[in-house]
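What follows are several structures.
The following pair of complexes shares a single chain, subunit A, combined with subunit B in the former and subunit C in the latter.
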Partner chain A sequence: MDKIKLRQICFYFACVAPSVKFIVYPATLTYEAGNDLLLAALGSFLAQGLVLAAVFWLSSRTDKTFFALLQGAFGKAAARAVYGAFALYFLFSALLPMLEQRSFVMLVLYENVPSVLSYAPFFAVSAFACSKGFKALGRAADLALPLFCTAFAVLIALAVPEADFGALLPVARRGAGIFRGGLFGLNWHAECAYPLFFLGRFERNKGDAAKVLLSFAAGAAAVLLFLAVFYGVFEDIAVLRQNSIAHISKYTTAFTSLGRIDLLFIFAMTLVNVFALCVPVQMCVHCTHAALPRCGRLWPALAASGALLAAVLLLNYSFLEMQQLVTQRLWAVFLLFAYAVPLAAALLFGLREGKARPAPRRRAPQSRRKRAPRSHRGREQARRIHPRKCRGRERARRLHAEKHLRQKRARLHTEKRARARSARQGAPARGGREEGA
Partner chain B sequence: MPFAASLQQNLKAVKAVLPAEDILVHAFRAGDGTPCAAVYADGITDKKGIAELAVLPLSRQEAPRTAEALQKALPYPETKLPQDVAAACQSILAGDALLLADGVAGAVTLGAKQAAARAVTEPQTSVTVKGPREGFVEDIKTNLGLIRKRLPTPALRPETLRVGRHSQTAVCVLYLDGIADAKVAEAVKARIRAIDIDGVPDSSYIAKFLAQKPLSLFKQAGTTEKPDILCAKLLEGRVAVLADGSPIALTLPYMLAEDFQSSQDYFVSPYRATVSRLLRLLAVAVSLLLPAFYVAAQLFKLRLLPFPLLMTISGSIQGIPLSPGLELFFLLIVLEVLIEAAVRMPKYVALALSVIGALVLGDTAVKAGLVSSPAIIIVALSGISAYTVPDLAGTLSVIRLAYVVVAGSLGTYGIVLMTALILYYLVTSDAYGVPLLAPFAPLVGKDLGDAAWKESVYALRTRPAALRPKNRTRLRLVYRGGKEE
Partner chain C sequence: MNLFWTRVLTIAAGVLLLLFLSNDFGLIDIQKTAVVAAVGIDAADEEGRVDVTAQIAVPDASASEKAGNVTIKNARTVGDALAEINRKTGWYPTLVHCRLIVLGEATGGRDVFGVLNYFLRSEFVEDSCLTAMCEGRAEDLLSADSPIGELTAVAVTKVLSSEAQKTGLVCVTNLRDFAKGYYSPASSGFLPLLSALPEAESEGGGQSAALPCAAEEGGTGQSSKEGGKKADVFDASRTALFAGGRCVGVLEAAETLAFNLAATRTDFAYGTVQVQQEGKPVTYELKFKIRSKKVRLTLDGGPAALFRVRANAQIADASRASGVVEIAKTAFVPDFVLRAAEETLQENLRSALAKAAAGGCDLFALRQKLHRRYPAQEERYAAGLLQAAQPVFDIRFDTVH
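What follows is the complex of A and B.
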């Protein structure tokens, strides 16, 4: 089974997911919300956090996968249909960030040879990553943690001295703009649907939701800090700075003698971004594999990556049009799949499953955990240490004893009746059989 | 074919199986005049031992009538009763001597193997300033002895298997019972038993068969030439494989972090060891990425270089006919050729070739305007850096070439993508259930203390969790800094 660890989910939300919000998102948010960009982003994060909390509340009440839950409630065909719809949604949701990344690569990482071919090998990497399942996603998140932390810390440290935070005042000046900023930024906040597909694929423990929400809050805090510094550095011209991560730290005076050393950390952040961009494609391949298990993973991975490559080639010069289409017209699609469906699923299945399965206990740390003794003498002790483990064995023993008692009663009853019948006929009887008849 | 009671028939049967001229027969008579014979392979058998401990005692006493009695009559320390002629012939080929007597329907094999072996010396590939200097040799028994000397515990379980249809090479799998994961040991044995090949000249052949991904560019089994390192790995819960004729021992499961550890790290201060490990990590990054970034910076991203450095480089590359990518690729190939030649050339021509390599190729090429001085500096730095982790040097050189090609064609984003691809490949590679990139991905916090950095010996209380050892406790603290715990 495709497994992932809770720690890796936490790292994903703390380090990998925020990296896609450092390119066009700050400029878009500034365009809509001006100096209130922090409020708009905060609103989106709160909504996302609510969905995450709901999904992890569901995860605390069931150890089934989302597919199994759908199958149990609506049948296999419906489950496949939902997964198929999500596969298409994830594929679609991957498109705009890729176009965004493509223009970032062309404008920031190259100065003299812009070519779509330079970006095309990304799809080979994504196809490889997608064919490996959640293992690649989770372990990449493990590696992304130090990369992201170092790069983010250095870039912010280089940019903060140039920032004027007074530019963020006065607060809440653009009422409708804040709302629009939150709404049009939905495609950058679509990752709250992912944990729905991690259900049943990680070891459940009490306090999982708190850990994930804390990690998510850390990631959100990093994005908010970045947005504040970004607006503090550029103020009114922030809207023109599309590739914000590349511009935020470039005014540091030390660069005259050192060169653009910040580019090394931008490269590190770009690497994390590659991991992040692979995630929606990985989710798409996961959904396709679950809906159509016979396909395996390689073919869906190749197909999804090929389709996205074709789309990127076709929309090579249409980033702005695509951005307007996705953010201003199709925001409802993101609202539906990333927010409404996970919330509805959490409520529906959480209430259903909660009655059947209690929340798991918190596991004791390795050092305090004791192994149950195997010997017969130690069984009582084992029962005390592992009451839940022994519950099934006790129930089986009780059922067996009851069955044995029922059989004994039935045998005695048969013997009694046979004895009575033989007494009526005047012949001696024993054990239900007539002797010497 | 069973043994007959007649000496002549038995000798004829042995000669029928082993007609080679180096299979010698020494005929002699027992004390009562019974004809006897010792059959052995010339050159690999201890003739003096056979003469003193078998032939001489037997010539002074009455010949026994059974093989068991013959075995008991000899003061020889290592004897066996072969089942049949074929088994006896196999023992002769392995270096044992076969003792036959007329009237005895059987034989006795005498463990008299004496192959020419070099002395136990410090291996050239892992020289240490501090720490033990013994290294493995080509004789498996000597190697086992070196390990047994360090681990005189009944928990050490060696099991010897024969591999190779013709070579019949002894391959020994050993692990510490109660510490190593028994499933790994069984899996290793099963894979070795399944090998059907004509000969095994070195343990690297075995490594190919033990690999989960035989075509991988990265190593799949750890290697060491030093018994102290092998014992440390056994104590961590790994399984070791020794092959007769090879001084290189294999250890499984393998993690990439092992190659960044040196035996000296455990004999010096943990701070010094941590600095050394970070330097190795940095050196590997420099070795892989410096040539690629140099090419990418020149071709696509000039601002990556500080302005004065950019001016210097642009001054020195003026008039160079090759593009930066081709120039670096060409120089890296020259470096590889020099390394190959330096390894294989006779020592007495090494000095002359070094002069030619360094002066003629390097200096003259710059003066002739074929290559630039910065390119030579970068290639030299990259080449030297790779040898801070000698076990990875081969892999690094191949990846470095690929990086230069990618940087020359796709630029900086190509470098980023290639790094992502390599990382995805590494994080999804497992060997015997242990991730290749553990303890970094998946992150195993407790194991980081002996991987990314080096903690003091007090912190190494448990064995690496990634290896799933049966018994995790490595150190029971009684005293720490003079205080009782």
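What follows is the complex of A and C.
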């Protein structure tokens, strides 16, 4: 089964998801909300946090997958239809960030004009990652943590001396602009739908929601800090700086003798962004695989990556048109799939499942867990090996012990049979074989 | 994974790396790319047109950089001129390494952002490049000979370095800062005013010919003049003020220093003070270490610009002979010299503020402060703020203890 660890989900929200908001999002937000960009972003983060809290509330009440929940409530065909719709949505939501990053790579990482082929290898990476399921997503989140933390810290440290935070004043003077900024930025705040598909695919414990929400808050704080520094550096011309991550740190005086060392950290952030861009495609492949299990994973992965490559080639010179279309006209798609459906699903299934299955109890770490009295050990052991109670490492240990026992029994049985056979045939048989040899 | 697939994947990874790193599939061959180190823009004779000079760095095997200047006359726009360089020379000019934009004096007569917007539009141009205005034509300035045998653009960028800014000699501005000022509510800004002074003569590495001893040694001086070639030095101690993109005034060197001491990132500066001592004028060269500075706008009892500067000073030099003890105690500045320095700074600041206000240039960002701190009263005060704001000085120089 396609599994992911809670730690990896936390890392995704803290480190991977913020990286897609460092390219065009700040300038787009500034265009609508001006110096109130922080308020617009904060509104989006609060809305996302609400959806995440609802989804993890649902996860605390059931260990079924979203597909199983849909199937239980509406039947298999409806579940397949919903997953199919989500597959299309995820494919659509992956397009604009990809065009964004393609443009970023072409403009920032090359000194002269590269061909469109230069970005094509990304789709090979994407196809590979998608064919591996959530395991690849989780591993990418693990890898992204040190890269993101180092790159973000250095870039911000280089940019902060150039930032004038007074530029964020006066606060809350653009009422409608703040609202529009939040609405038109939904494309960059669509990751709150992903945990819906992680349901039943990670080990549940009490306090999961708090851990994920804290990680999400850390990622949100990083984005808000970045936005504040970005606006502080560029003030009224912030709207002109499209590839913001490439610009904020280049004014430091150290570069007069060292050159642009910040590019090293921009490369690291670009790598994290590659992981982030693969996630919606992975979700698309996951949904396709769930809706059409006979297809396997490889073919949907190749098809999704191929379709996106074709779209990127086709829209090579149409980034601005696509940006306007997706952010200003199709924001309702994101509102529906990333916010309304997860929220409705959490409420609907949470209330249904809550009566049937209580939330899991938190288990203390091994070191702090009290050892049961001798008289209770038998009961404790019985509780541990109970198939509905035991999980994770205990389950692995039990399975290993059972396997070992089976092997031992089989070996004993074989030896016993061999001894019986030799007893029946008597010593000459062995001697005869030796003679024959 | 068997050996076959391992080999296939290794080869594929190699091909991908080649694709990423070599840029052999780029649309423009790097061999046909002209690296533009500086751009000079002048107003053309024909109204609304520009003359654009691109200083192209030519890499040389001897590790010494050479430059070639290409000038396109009467271009409609800067972008048009750069495209014409490509058409006429076959080289595709890349501005990624452009570190200097020089505006000719005549461009200041109209909105300079008519020509500078090209650099803001393009992602291929770094907005961290230094921007300056020059006396006369930018084409002539970029054709000047550097006294130390390097690109003119490199010599000018050294004059406009961040170190020059820190010592208060020059108001260094890059394109981003200038654009921020232009697109702010005050629509104001400032640029260093460059002038090429034909003073130096160089021979090989370059040597100044202004030494009096050289004139006395007749033969040596003569040979130096004959064998050496004329070279120019660059001065950027004056500052051009802009309002609405037009040049509206010029700050002199002392005013530039005062502005830097009060409002910019200068934290270590040299300044001269004249005092009467024993009935004779004596000039002291003081070294200032700025401890804190702030320009505030207050609206209590009418708009006022409050300048607060705290600095430590010590004597660097004096125009009269001093006793050995006095030289040893160079860290101790007489009180009357400190007060005279404060007075000088106040006078220069008042003069700079008056010049800026007369031209409508918001040199000390008062309009911006009004917008940020007093948004409710912005409408009331915005129109005549620069003229109405009275300077209030709270300047104190201390001697080192």
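The rule is simple: the second predicted complex is superposed on the first by the 367 of 437 C-alpha atoms of A that agree within 3 Å, B and C clash if a C-alpha of one lies under 4 Å from a C-alpha of the other, contacts with A are read in each partner's own complex, and residues count from 1 in each chain.
The criterion applied here is as follows: a contact is a pair of C-beta atoms (placed from the backbone, for glycine too) under 8 Å apart; a residue touches a chain by one contact, two chains touch by 3 or more.
Bear in mind the structure is a predicted one, so any value in this text is a computation, not a measurement.
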Contacts of A:F165 with subunit B and subunit C, given as first, second, both or neither: neither
Partner chain(s) touched by A:F267 [first = subunit B, second = subunit C, both, neither]: first
Which of subunit B and subunit C A:S118 touches, first, second, both or neither: both
Per-residue contact with subunit A, leading partner among subunit C and subunit B: B
First, second, both or neither for A:G138, with subunit B first and subunit C second: first
Which of subunit B and subunit C A:Y110 touches, first, second, both or neither: both
Partner chain(s) touched by A:F128 [first = subunit B, second = subunit C, both, neither]: first
Touched partner set for A:N243, first subunit B, second subunit C, both or neither: second
Residues of subunit A contacting subunit B in one complex and subunit C in the other: 110-113, 117-118, 121, 124, 256
Subunit A to subunit B touching residues, read off their complex: 5, 7-8, 105, 109-113, 117-119, 121-122, 124-125, 128-129, 132, 135-136, 138-140, 142-143, 145, 255-260, 263-264, 267, 270-271, 274-275
Contact set on subunit A toward subunit C in their complex: 107-108, 110-115, 117-118, 120-121, 124, 166-167, 169-170, 173, 234-237, 240, 242-243, 247, 250-251, 253, 256
Residues on subunit C engaged by subunit A in the complex (per definition of touch): 16, 19-20, 23, 25-28, 30, 33, 92, 94, 96, 120-121, 123-124, 126-128, 161-162, 174, 176, 179-180, 183-184, 371-373, 375
Complex interface listing, subunit B residues touching subunit A: 299-310, 410-417, 419-421, 423-425, 427-428, 435, 437, 440-443
